[in-house]
Every structure is written in C-alpha cells, then in structure tokens.
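Each chain carries a letter (A, B, C, D, E and F) given by its place in the written order, and its residues are counted from 1.
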Amino acid sequence: MTTQPMTLLVIISEAVLEDTLIDEITDLGAKGYTITDARGRGTHGTRAGRWTQGGNIRIEVIGNAQLCGRIVERLQRAYEKDYGLLMYTVPIELQN
Amino acid sequence: MHFEPVVLFFLLGVFAGLVRSDLKIPSAIYEALSIFLLLAIGLQGGVKLAEFELLELLVPSLLILAVGSLIPLLAFPVLRLLGHMTRADSASIAAHYGSVSVVTFSVAIALLAQEEIDFEGYMIVFLVLLEIPALVIGVILARHGVGSVRWGKLLHEVLFGKSILLLAGGLMIGFIAGSEGIKPLDILFFDLFKGILALFLLEMGLVAAGRIAGLRAYGAFLVTFAVVTPLLSAILGTLLGWALGLSLGGTMLLATLYASASYIAAPAAMRIAVPEANPALSIGAALGMTFPFNIFIGIPVYLWMARFIHGLGA
Amino acid sequence: MHFEPVVLFFLLGVFAGLVRSDLKIPSAIYEALSIFLLLAIGLQGGVKLAEFELLELLVPSLLILAVGSLIPLLAFPVLRLLGHMTRADSASIAAHYGSVSVVTFSVAIALLAQEEIDFEGYMIVFLVLLEIPALVIGVILARHGVGSVRWGKLLHEVLFGKSILLLAGGLMIGFIAGSEGIKPLDILFFDLFKGILALFLLEMGLVAAGRIAGLRAYGAFLVTFAVVTPLLSAILGTLLGWALGLSLGGTMLLATLYASASYIAAPAAMRIAVPEANPALSIGAALGMTFPFNIFIGIPVYLWMARFIHGLGA
Amino acid sequence: MHFEPVVLFFLLGVFAGLVRSDLKIPSAIYEALSIFLLLAIGLQGGVKLAEFELLELLVPSLLILAVGSLIPLLAFPVLRLLGHMTRADSASIAAHYGSVSVVTFSVAIALLAQEEIDFEGYMIVFLVLLEIPALVIGVILARHGVGSVRWGKLLHEVLFGKSILLLAGGLMIGFIAGSEGIKPLDILFFDLFKGILALFLLEMGLVAAGRIAGLRAYGAFLVTFAVVTPLLSAILGTLLGWALGLSLGGTMLLATLYASASYIAAPAAMRIAVPEANPALSIGAALGMTFPFNIFIGIPVYLWMARFIHGLGA
Amino acid sequence: MTTQPMTLLVIISEAVLEDTLIDEITDLGAKGYTITDARGRGTHGTRAGRWTQGGNIRIEVIGNAQLCGRIVERLQRAYEKDYGLLMYTVPIELQN
Amino acid sequence: MTTQPMTLLVIISEAVLEDTLIDEITDLGAKGYTITDARGRGTHGTRAGRWTQGGNIRIEVIGNAQLCGRIVERLQRAYEKDYGLLMYTVPIELQN
C-alpha cells in the first residue's frame, strides 16, 4: 500500500453539458472521472432537476495539479459565461 | 364550450405546486411518460399515414411547413422591437413558438375523440416536421452577423434529439406494421394513452406552478405575447387548413399545431445552440402561460374557429 | 375463508426479503405505484360519490369521524401505561393506528369485487377524512404539557401531503367528470388497478421482511398490541356500520378502515411533528405486523363479522 | 419468413444508439420493465402448468436439462482451443450460452401467438431450470484445478437472484391462483405484455448499439461463435423436442431456449463467481450478436426447423 | 484564473429534512448549495432509502469559515438530537 | 460545538460490490458510511450504469487514520485485481 499526493478537482455544472464536459476533460488528458447526479442553487438560479429546469452533475477528476489547472482554465473560458459552473480543488492522498 | 376532463389533472398539479405539497413525480417516471407519449403519438400517426398516397401529401406538406416558418420570422421582430429583448432571447422565444407541443396536440386529439370528430392522420407528421425549420430559423436569427453556428452539433441535436427520434421512429414503425401488425400493442399505446396523458398533465401542472409564479417578473409584454401569438397563429392555421381542403378535425389540429409552443425539444436545442439566451423567459412563457391558455381556452376556440370557417363554406 | 390471490405477491416479496435476494423495486417505481394507487382510489370514490346526495351523508360522516377518533384516544393510555412507552412514542403509535391504510383498503375492495359484494362508494371519502383527526390527536397527545406545536407546519404536512392531496384530488376529478367523463381513463385507473396493487404488494413484502425481523426487538407487548388493536377497532366499525344501516360491503369496509394502520402518510407527518418518537417502533408495528395480519386474517374475519351482524338483523 | 413488428423497436433503439441520440430509458424504468417481464412470463407459465400432471413431466424435464447441460460443456473446449481464450473467459462465455434469454423467449412466444400456434405451457419452467446447471457448470469449468469456489455465495446468487426468483415466484403464483384467480391481473400481465416487451426491446437496442460497435475488437472468432452456437444448439433442441413428442410450438420454443444466451442473470452471477473473466466479451457476444441474430433470423429459422421435422413425421 | 481558499461544509442528513435545511442554510447567508441523494448507516441506524425508512441527502456548501461555523452551530442545536446528522469541513481552493 | 480532525476515505467501485464492501467495511470497524450512486471511467473502461455495464458507487467512510488504512489494505488485496476500484483519503474536521 502506497499513497500518492494528488489533486481532486470537483466540477459542478449543468446536466445538459455532461457529454461535452467529458469530451473536454478526456481531451485534456484526464485518465478517468466519476460523475454523480446533483441539484443545487447558485448565481444562475435553482437547478432542481425538473425537466424544464435541468439538473446538475458533480464531476470528480483526480490528477496532478497541472492537469486540473488546464481543465479549470478551459472550462472557465468556454462555459462560465453562459452556464452554471463551479469548480474547486482539494489535495488528496490517492491510495494505490 | 367543450370540456375535456383530462385537463383537471393539470389543475390538480398546479394546485399541488402552489400549496407547496411534497407531491413529486420522480424524474424517471416523467421521462418514461414522455417517451411513451412521443412513441404512442408516432405510432398512431404511422398507422393512419399508411392509408394515404404519400406523393399527394407533398404539396400540402410544403405549404404547411412554409406558412409555419412565418411564425418565428414574424415573432422575432415583435420581441426585439416591441419587447426590447436581446437578440438571443428574441430568437430563442421565436423558436419556441415556431415549434410545437406534443401534449397540447394530444389534448386536442382527446377532445376530437370525445366529440367523435375525425381528422387526417398525417397531421401527426407535422409534429415532427414543424420542429425542424423553427429551430433552424431560431439559431439563424440569433447568430445573424454575430458569432458562428456549430451547425453539425445543432442539426444532430434537432434530428436525433429524443423528441424527433421517437416521433419519427413511432411513425415508421406504425407505417410498416400497419393497423393489423400493431394490434397486440394497441392496449398499451392506444387504450392507455389518455390515462398516461392525465398523469403527464399532473406533472406539467406541478412544473407550471413554479413558472406561473415567475411570470410576473417577465412583465406585461411577455404575458401578452404568450396569449396573442397562439391566437394569431391559430387563425393562420385555420385559414390554411380550410384552403387546403382539410376536414373539420384536420383544420382544428393545424390551428393547434401553429398555436402551440414547444417546451421539451426547443429548450434542449436552444440551450446548446444559443446558450446566452435566458431559458427562464422562453420556458416561462411557453409552459407557464401559453400551454395552460391553449388547453383551457385555445383548443375549444380553435374548434369553434374550424367549425365557423367550415360553416361559411357550406 | 376467502382468499385473494393478490396477497401472494406480498408473500413473494417477504420471501425475497428474508433470503436477501437482490430484487429491488426502484424507488421511482414504488413512488409512481403509490401515486397511481392513491389517484385511482380517489377517482373510483369520486365517480361513486356523484351518485349520492351529499347533505344526507353529513350526519353519518360526522359519526364515523367521531367514533374513529376514539381509536387513538384509547390506544394512547394503553401504550403509555401497559406498554411503558414514552409519551412521544405512545402518541405517534396511536396516530398510526387512528389513521388508515390505502393498501389494506384496496385489498378489501379487491376481495369484495371477487365476491361480487357491492358497497357504498363514499366509503372512500373516509380514507381521506379519518387521516386528519388521527394525526392531530397524535400531536396533541405528544405535546400535551410539553413543548409547543408548530401547527401551521403540521396542518400543511397533513392537508397538502401527497397522500391526502392525491386522494382528495382524485375524488374531486372523479366527482366532476362522472362515470361518463372518466371512461377513457377507465383502462388505466380501474382495469389495471389490481395488477398494480399486486406489484405494490411485492414491494411491501420486501420492506415488511426487514420490519418483521426487527419486531422481536420491540417485545411481546407491541406485537400483541399490533394484533389486538385492529380486531377491537374492527368490532367498533362493524357495530357502527350496522347501526348506520350500511350495506354488507360498506360495513366490512368501515371495519377495515378502523382496523388498518397507516404506514405512508402518518410516518411522514409524525417525523416532522413528533421527531423524538422512534419511527422504527410505529412503522415496525403497523407494517411488519398489522398490515400482514389484516390482509391475511383480518379482512376475511371482518367480512365474516359483517355477514354475522347482518344475519342477526335478518 | 415470419415477421414480428415488435422487433422494429429493437432496430429503433440500435439506430438511436448508433447516431448517439440523447434518448435514454431511465434505469428505474428498465429495471421495472424487466421485473414486469419476468413476473408476467412466470405467471403465464404457472397458469398453463396447472393444466398438467406434474409427475408426467419429470422424465422429459430431466432429459431437457441433461441435454441443455451439454451446451456449455461443448462450448468450453471450443472457446479454449479454437478461440485461444483464457480459462475464465471460456468458462464465463460457456455459461452465458448454456443459460437462456427471457426476451428472446418472449419474442418467440409473440411470434407463435401471431401465427396462432399453440405450445406446451410448461416450457416456461425451463426458463428457470436451464439457468441453474449452466451457471454451476460455468463456475466448475473456471475453477477446475485453480482456486476455490465460494459455492454458498454462488448458489445464493443463482437461486435467489432476481431473475430466477421472479420467474419461479410468478410460476408459483400462477399455479396456485389458476386462470380464474389470475383473471383480474390479466390486463396488466397478459394484455400489456407485448407492448412492454416493445419498450424493453427499445432499451435493448440502445444498449446493443454500444456492444455491436465493440464486437469488432473481439475478432472474427467470437463473432462466428456467436452465430454458429445458437444454430447448433437449436438443432439439438429441435431434435430433442421432436423425440419427446412436443407440439410444433413446443419444439420451436425448446430450440429457442437452447439457442438463446443470457445477458441478465448470467452476467451478474459470473461477475461475482468468476470475477477475472472480462464481462465485455461475454455480454458483447450474447447481447451484441446472438440476441439480434436470434430475434431477426434465428427465431423464424427455428420455426421452420420445427415445421420441417414435424412434416417429416407426418 | 484565480484561486481562493474557502471552506467546504458537507452535511449528511435525512432526506425528509431537505426543504427545512435549505431554508436554514439560505437564511444564514449561504449563496449556494449542491445536493446529492445518498444512503448510509450511522448511530441512528441504516437509512437505505426504502420508503418506510427514508434516505439521506448529502449537502455541500462552500463559504467562508464563519458561515460554515454558523450553519454547523444552528443545525446541531436544532436537529442533532432527533435526526440523523453528520457534518464535516474541508479546506478547498475555489477556482474562479 | 467541537471539531475533531479525522480522515475521510472515499471508495469508488462497482455497484455490484455494494453489499460485499459494506460487510468488509463494517467488519473492519467502521461506525458508519455514506453511499451515493455514480458513474465514471477509469482503467477498467466506462461504467455508465446501463444494465449490462453496471454503475459505480461512491462510498464515504469517516474514521481515524488506522481504520482507513486497514480498509484500504483489505480492499486492495481482495478487489483491486478484478474490479474497478479507486480510493483516496482527505483530512477533514468532523463537526460534533
């Protein structure tokens, strides 16, 4: 059992963007991701997941700091203006 | 005035929403209900379509599409100039009103069935066809001179989005199988149709309740627009249906198609293609105002209009 | 003894639960099933209610409510003094047994249909009405002298909670539309009713299996209480039904209503209004013990009791 | 050639999957659809089983099981030696092809109903019985000489897994209730069966689309195996059915059972019992290749084979 | 691209409290929240999300340390005694 | 209000293992856990949660470092080879 310091990037955004965001993340070099369905409220209003409102998704990507930085930069430029989007990073210990 | 009990479920849903009841239709269920409605409507249309000579339908179809395309083209300048809305919002709302609503259409069919009025089965084809020019026009209006359009992505979204795919797929299956082949599916797709429409209306009421509350924020202009546009579009449809020699039922359905505004296919497509438009405005107007107006007042009025113009001819 | 095949689905569910099968009814599905059952029962009641003079029902209704309110008032001291339970737990359990169970009622109706016994359609109204005093009494008992009650929140929870809302909404729609207007919905809401009840019973069996295992922990008192209370309540119902001149079927349904304990509406309301009560106790007794007792033994016995008392009169 | 319109829904699903439509059947819904299909098939079988003398079925049943067990035993060396697959993968794939597919069986029943061909109702019992030896043999083959088997866990998974539990439970309920007792459930479980099968096929098409794309990666051997195995198994079934004196419909169903490969029960059991096998291989072959082959080509061919051999006898 | 140190507060509680907790959090000044459906086990027993048992929800609130502290305090006082409730905080880097 | 430094262990694995993993975790001494449904991609391919593919689950366990270490060790030995599995730890402040 070895542990390895890594960065966890959490992306919360609109469910309608799921396929698009996965393509972006994979393009930028992420080796994996984990998605859960979510709902929430932010500056773009409430997204309760009803069909006329859409829900959110919560994407976790584990990678090195550079990868996470690249993803943050790309998503901010392309989606922050028009879509609900929130991102944060946490240092973690990957167990492997 | 003609009254369809199925709309009472919409009222129940609105009531539950307004009193903040904990009643919720799980999302998996309303997705299933909408898949069911789209497939069932498509199958019904396909079975009826099999009775027609397809070539004979070509010219009326092109006319119905051409006149239908006028609706977003006329709505756009009104929204832009009278409503002082942004280019993106005007284009997106215009696209919603150029598109059609499957549930509104279903309530109209239920009323015709109750009144025992027949109609040309191929009207259902226009549920599929009218969507496409409306969304394309919406995007062109939004992008005219500003920015570029990812047409590939948009067309993919429109043509292979679940609404069109299920309607068109149902049409093809119904057409191929014919009324004989489809018989063992009748109970599910035809006999249960209205009950499932009732459940869907319950959910629509729940959602509309939230939208109705929000409408005040959008101001008097949008509310007026959401009531006047369907009436004018319906007049266009009634005149064209009569000119094309459609039956009483067919005329009324064409008016309903023109009058209805989309709140399933159009929002999804516009969110991708015109993301800077505020979806609350277009969905609020289409679902919070135009949809209830159509099912409670519009549809009976459109039937009356069709009767009136057919009476003139007689 | 009379036997209703639909209860076999409950046994299948219990079996699957006890052997720890991976069978699971997705939560969206049982929520949809319960929405369906509540609406369908409401609609059936509404259609039948339309045949009655509402004013004539006033006095019997008040009597049925008043006598029904005795159940939680009598159960409370028993739980408190004989069972040595906390005030909150006693009040919460009393409220569960004063309330009613839609599924138990549905199984009773299925048995009547199988035996071709008619009943007064307005009995369904009491599914709605009996819930309210039971829950209010439960909260008063829990709070008497201790702490304050957020009545606004509680009443909102009770009146606009999904159970009452769907039952009452279905009643109103059925009443307004009448049996003619409701006809196109018949297949979904009436003909499919028993099949969907079967699926719901399967899920109830799965859940009850877990509860049955837990019951041992609650001791002999609660198990006894969960069997004796429905029997005594049913006797009360049979006597009152007979005194009010109800038909054989109506008498049996009133006994079933009194005898049944709530496990959908009451738990939700009590969790909000009396949070310090342990929900495992009340739900364990109502669902793990009283519900299976009622559908396997109680209902046939209540029918026998109704036959007996009507035989006395003859 | 005989054509069953219900398979068009599968094609629609495949099309939607290939064009990457956003159409998705929510997971709660296809779980509910599969619960429904398993219960309904079980109930149908149980009702028909009630007409037979159980003891008379013992010898033919044992023969059908014994011959059915040959399929995985023969498939394993072919996969291992001709296909150069690992022991675990060979064993897992062999188990999938020794098991049976409820949906394939349902399409075969739908075709028989359309052609108005009768069949021995107890064939449905083999949907339950054939699963068990196939999975056990698969695990023995995988573990022979290597590692130990957690038999308790595996048997639990097989016997109380939801597929077997619902099929066997439905059989028992149908058997106990009989065609009279089951009548109020007919509309849900019998009349709606084919419509719900259509919806399930739509979902299967969506999933198969992904598998079909992946099949290329598995090479020509597996693709050939996935087409040849069902044909050879069907010949085995046809000969045995004829030798046992089954009717035309019964012979065709036995051929279909042998020819079909599992993609619901077997994958779940193998994932637990033989985790080092690659599930993409077995599910890819069973669902991406064998299932469509069976419903489009196999089933009509098996009917032809049954007709041919019954013609010989005449 | 700027990053900003913030506190992530995770609240795990009973699904039946969803509306109530949202009201509390919003009252106390949270500008947003994200909810996912969950199930679990703790000192109040198993909450597997079956209908007679209720499920859990997992609420994420990002804010400054004071806000998170206020929320923790309020929820503990009002709900800890009678409801399943678990809260933890993690320092994160908000990407914006 | 007291806070207590603890370790959060996040386990992402195949949904089919849910009962098995819960038994392991409980065996090893965890006093609770929280599960959410997830989907994702990793070295074992995409697990989108369709019925022939299975979905993922995301398990959170809060405990001391030793407990988390024991769980990581056991799960790695027993499941890493044949199943999709990813684990990471984060230091948190438990609020209680």
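Everything that follows uses one rule, which is that a residue touches a chain if its C-beta (ideal position, glycine included) is under 8 Å from a C-beta of that chain, and two chains touch if they have at least 3 such contacts.
What you see is a predicted model, and the numbers here were worked out from it, not measured in a lab.
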Joint neighbours (chain A and chain F) are E
Please find the path from chain B to chain F through touching chains that uses the fewest steps, and give that number. 2
Per Cα centroids, the chain farthest from chain A: C
Take the average of all CA coordinates in chain A, do the same for chain E, and state the distance between these two points in whole angstrom. 20
How many angstrom lie between the centres of chain B and chain D, each centre taken as the mean Cα position? 41
Chain E touches at least 2 other chains through residues 36-37, 90
Tell me, which residues of chain B touch at least two other chains? 26-29, 31, 187, 192, 268
Name the touching chain pairs, please: which are they? A-B, A-E, A-F, B-C, B-D, C-D, C-E, D-F, E-F
In the complex, chain D residues that touch chain B: 5-6, 8-9, 12, 15-16, 19-29, 110, 113-114, 187, 191-192, 194-196, 198-199, 202
Give the list of chain A residues in touch with chain E in this complex. 9, 12, 36-43, 56, 58, 69, 72-73, 76, 86-90
Chain F residues touching chain D - in the complex, by the definition given at the top: 14, 16, 45, 49-55, 81-83
Residues on chain B engaged by chain D in the complex (per definition of touch): 26-29, 31-32, 35-36, 39, 156-157, 160-162, 165-166, 169, 172-173, 176-177, 181-182, 184-185, 187-189, 192, 268
For chain A, which residues count as touching chain F in their complex? 1, 3, 6, 8, 22, 26, 31-37, 62, 90-96
